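Each of the next two complexes has chain A plus one more chain, namely chain B in the first and chain C in the second.
Let's turn to the complex of A and B:
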């Protein structure tokens, strides 16, 4: 039973990262009906931007700031202006395919400019253990969990409690009406892209010390977060958070109590079950389309 | 206009002659994907050896050329790349490094009658009667008995947890070592398979902890080795950690940092070996690539000197004769310094030479024991 606590904390820590990435999926879907298949690579890239800054002599804290700033410019502003805006007018499918191409491009570029090999990445959370309920738990697991939850709570507070958040939601729900009532829809959509870029930069900072910096590390994360977003509800931020945490915990518990050999299958089974019995996701709302 | 055409034709003929005089090798390796560390080291070792051999006049006066292809650490891609490479009729095929990729490509090289010098260590590879396949390092049938003996006799382990990667390499090693543990009455209290490229080892380590073994045998690829070492440290596992080659490689130490300290393993090749020729190789490699290679760098390097020795034994550049020349061949480091240590190839293409027992101390491999050549 004591083992269960370790597994839950480790699962929640990983799940919180998935949640950060999954929230990005839902935010972009809500505001611009975009499925960003490069979302995993968006998590991979900031770590390399930070490593590049450190290679040229920047201290770690400055590298983090530069990494976040460059992520906002490249993965937020650049992504919207250079890829989403020109492609969206051709429809969602061409845009989705373009994001797939972007994923390949980002991976290959990092492989070319850095290395195909993994690199170590420093952790912002110090090594060591703390005692919780008589169990020794790694500080890193707790730190990742706390930081990720703090970011998610700040985001949901912004969305639900602030004027900007309400404007963002209005822009997402009905852009035409939002424009009529004076909401700067374009600016709100841009803000969504910037928030996504910030989330992936934080996810990158938290996960890379554990997963290592590697050009292909976004594949696993992107897939897990995509499943998390669908399981939780693609059109609900709270659904993505719940989905992320659920996938993290289920993955760990399945590996410990079912089979390590078939652990990769468990999230997939969960995904299939959700698609079959509750297509809108655990916390999502059904979307109707008139024809 | 005619003189220009004539000059062009002469130039083309000259180029063709120059090309005919080179020895063309084809390398298919894990240059990206989960095995990128393996393939990159292997490739760099090959390139360094070729540079050296060519600088000294080549093999029997002919320079060496190599083409590198990326298997993406995927056996299906490896097979396609090897087929493509064989269409170019190389002198010898080099690679891949992953046992699963070797397994699916070996029949192609054998069918073409081309010697394949590879890095795979799965026991079964050289036991299928393929007369064209050659190792650059020990197979698991040679290394695992040494590991099991060390864990039972030196570490006094009565119970062990075995963590292995679920591919041909990992399963091969796990099957052999489980038999060796059984022979020595060592109880396996946890038998955990993991996935190649797995990022999160929290659950696996929790299971190891719950099983409370006397020691843990870790047999996964390099990057995963680093991740699991970090996780073992995070969860406070303090029993001895033992592995083979992939657990204590230089890249693993770099990636795992402090968490690698204390890990032990048997290695067929290490740049920390107390052998002068190996030390000199390490210096040359570091000078060229600015990092310390793991055992795969040595493997790639040796493959070129194996080709050189076999060709010089034949006294002619004969692609179809390389495999025959390598079988039963003993290459002495005194005569061919590039081979680094005395080495003998048996009729299966398996290798015999010194091995080493190493431990990571303060981020460095320290050779604790030199295990002699068997024959």
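Let's turn to the complex of A and C:
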């Protein structure tokens, strides 16, 4: 049974990162009907921005700051102004395809300008083990879990407790009414793009030391985050969090107890089952269909 | 109207003759790329049925190409002729597509996209892990090319004609299908499912049908893909092929009959052509080109043409109205 505890902690740690990425994904969907197929690449890129900063001589902490800042500018502001805004009125599908093309572009850009090889990435969490309940657990897993949960808690507090958070929720749920009661809807939408950019930068910082920085590492991560978002409920932030943690744990348990070959299939089967029996997700609201 | 019909017919014949004559001077690689274009056009045409005509987003078309390719690879290396593998691939893809259509009855839009995405991943895992059937990551090599009417098509040029001929046959069949009552029911389904239902269209059956026929076309493309590359492994049939095919349909112009041909041209030929003068950066330029095109015309390339033609027609009509009005006013 002690093995189970290790698996659970490791699963929760990756799950918490999935949750970060999935939360951003649902925020974009809620406020601007954007399905971002480049979300995985959005997680891949900040690590390379940080690595690039370190290559020109910046110390690690400065590289992190620069990476987050550049991520806010490129993946938040730039993404919204250059890609989403001109395409939004054309509907969901062309925009989704454009983000697929963006994913190809980001991958290729990193491959060309940086490296096609995987690069190591320093961890902000010191290596080592600590003992919990008589078991030694890697500090890395615990640290990732704690940091990711801290970010998520801070975000949900912002959304549920602050005035800005309430305005954001109003803008997401009913833009027209929100506008009437004086919510600056456009600014709130921009804010969600910036939050997404911040979340992917943090996720990048946490996950890259574990899986190395590679131009193609966004594919798997993006897919896991999508599944997490859908399993939990496409239109609910807390759903995305629950979905992320669930997928992380299920994935780890499947690798240990089902088969390593089909581990990727287990979250998929979970996904199909949930879509068939509860299409709105575990915690989602059903969306009304209009005639 | 008749003049424009004659014009488009002439254009069509010119394109077909060009596709037959010009590649005779191509080298091995050029012929391979063109054959690939023909194969991908078939698969994209299938997806266009599902997406463009029946309005169901599928991210599994690449998996059906994979099923077709593996059916062809396994059967032809066992000594069966390719023409024997074709019905197996069609029936298999049709059946799986039909089953995959069931979630489409329950969920819509993005949810459906994710069900098909899940299927895509599952299919990839089966290709990779069921060694006894698919030889796993090592893949199946030495896939023979077929004999057509007694002619061997081992060389690139004859096999290109096999691909082109298949594309022609499939094009004609789909053209016929879309003009049939079935095709009209598909369009009704896309435009407004609830209204279609109220008009007495059995939306359940037609949704499943659109999925199944679209998938079967993916299977046909797969049976050509296997002898084209003569080697089949799981990697080409991962999710990115499904995404590429979806991109082809949207970029060409979803819901336009010739959209998939142009989309496949963009996705298969454009990167290769760009590679010549942009070196390693070609995929970046390609991505930028796709994004710019979609920003400019979200209904794809044929959307631009369609808009242009509609504008011209409106202009001619209003000019004629003005003339008529002027005549009325100057009349005594």
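Definition applied: the second predicted complex is superposed on the first by the 291 of 291 C-alpha atoms of A that agree within 3 Å, B and C clash if a C-alpha of one lies under 4 Å from a C-alpha of the other, contacts with A are read in each partner's own complex, and residues count from 1 in each chain.
Here, a contact is a pair of C-beta atoms (placed from the backbone, for glycine too) under 8 Å apart; a residue touches a chain by one contact, two chains touch by 3 or more.
Every value quoted in this text rests on a predicted model; they were computed, and no experiment measured them.
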First (chain B), second (chain C), both or neither touched by A:264: both
Partner chain(s) touched by A:252 [first = chain B, second = chain C, both, neither]: first
First, second, both or neither for A:141, with chain B first and chain C second: first
Which superposed partner A:163 touches (first chain B, second chain C, both, neither): neither
First, second, both or neither for A:223, with chain B first and chain C second: second
Contacts of A:212 with chain B and chain C, given as first, second, both or neither: first
Touching partner for A:112 - first (chain B), second (chain C), both, neither: second
Touched partner set for A:7, first chain B, second chain C, both or neither: first
Touched partner set for A:97, first chain B, second chain C, both or neither: second
Common interface positions of chain A, toward chain B and toward chain C: 261, 264
Residues on chain C engaged by chain A in the complex (per definition of touch): 57, 103, 106-111, 114-115, 117-119, 121-122, 125, 128-129, 192, 194-195, 239, 243, 246-247, 250-251, 254, 280-281, 283-284, 286-288, 290-291, 294-295, 298-299
Residues of chain B that touch chain A when the two form their complex: 31-33, 36-37, 39-40, 166, 192-195, 197, 199-200, 202-204, 206-207, 209-210, 223, 226-227, 230, 234-236, 251, 254-258
List of chain A residues in touch with chain C within their complex: 35, 37, 83, 86-87, 90-95, 97-98, 100-102, 104-105, 108-109, 112, 219, 223, 226-227, 230, 234, 261-262, 264-265, 268-269, 271-272, 275-276, 279, 289, 291
Chain A residues touching chain B - in the complex, by the definition given at the top: 3, 6-7, 10-11, 14, 111, 115-120, 127, 129, 136, 138, 140-141, 210-212, 214-217, 220, 251-256, 260-261, 263-264
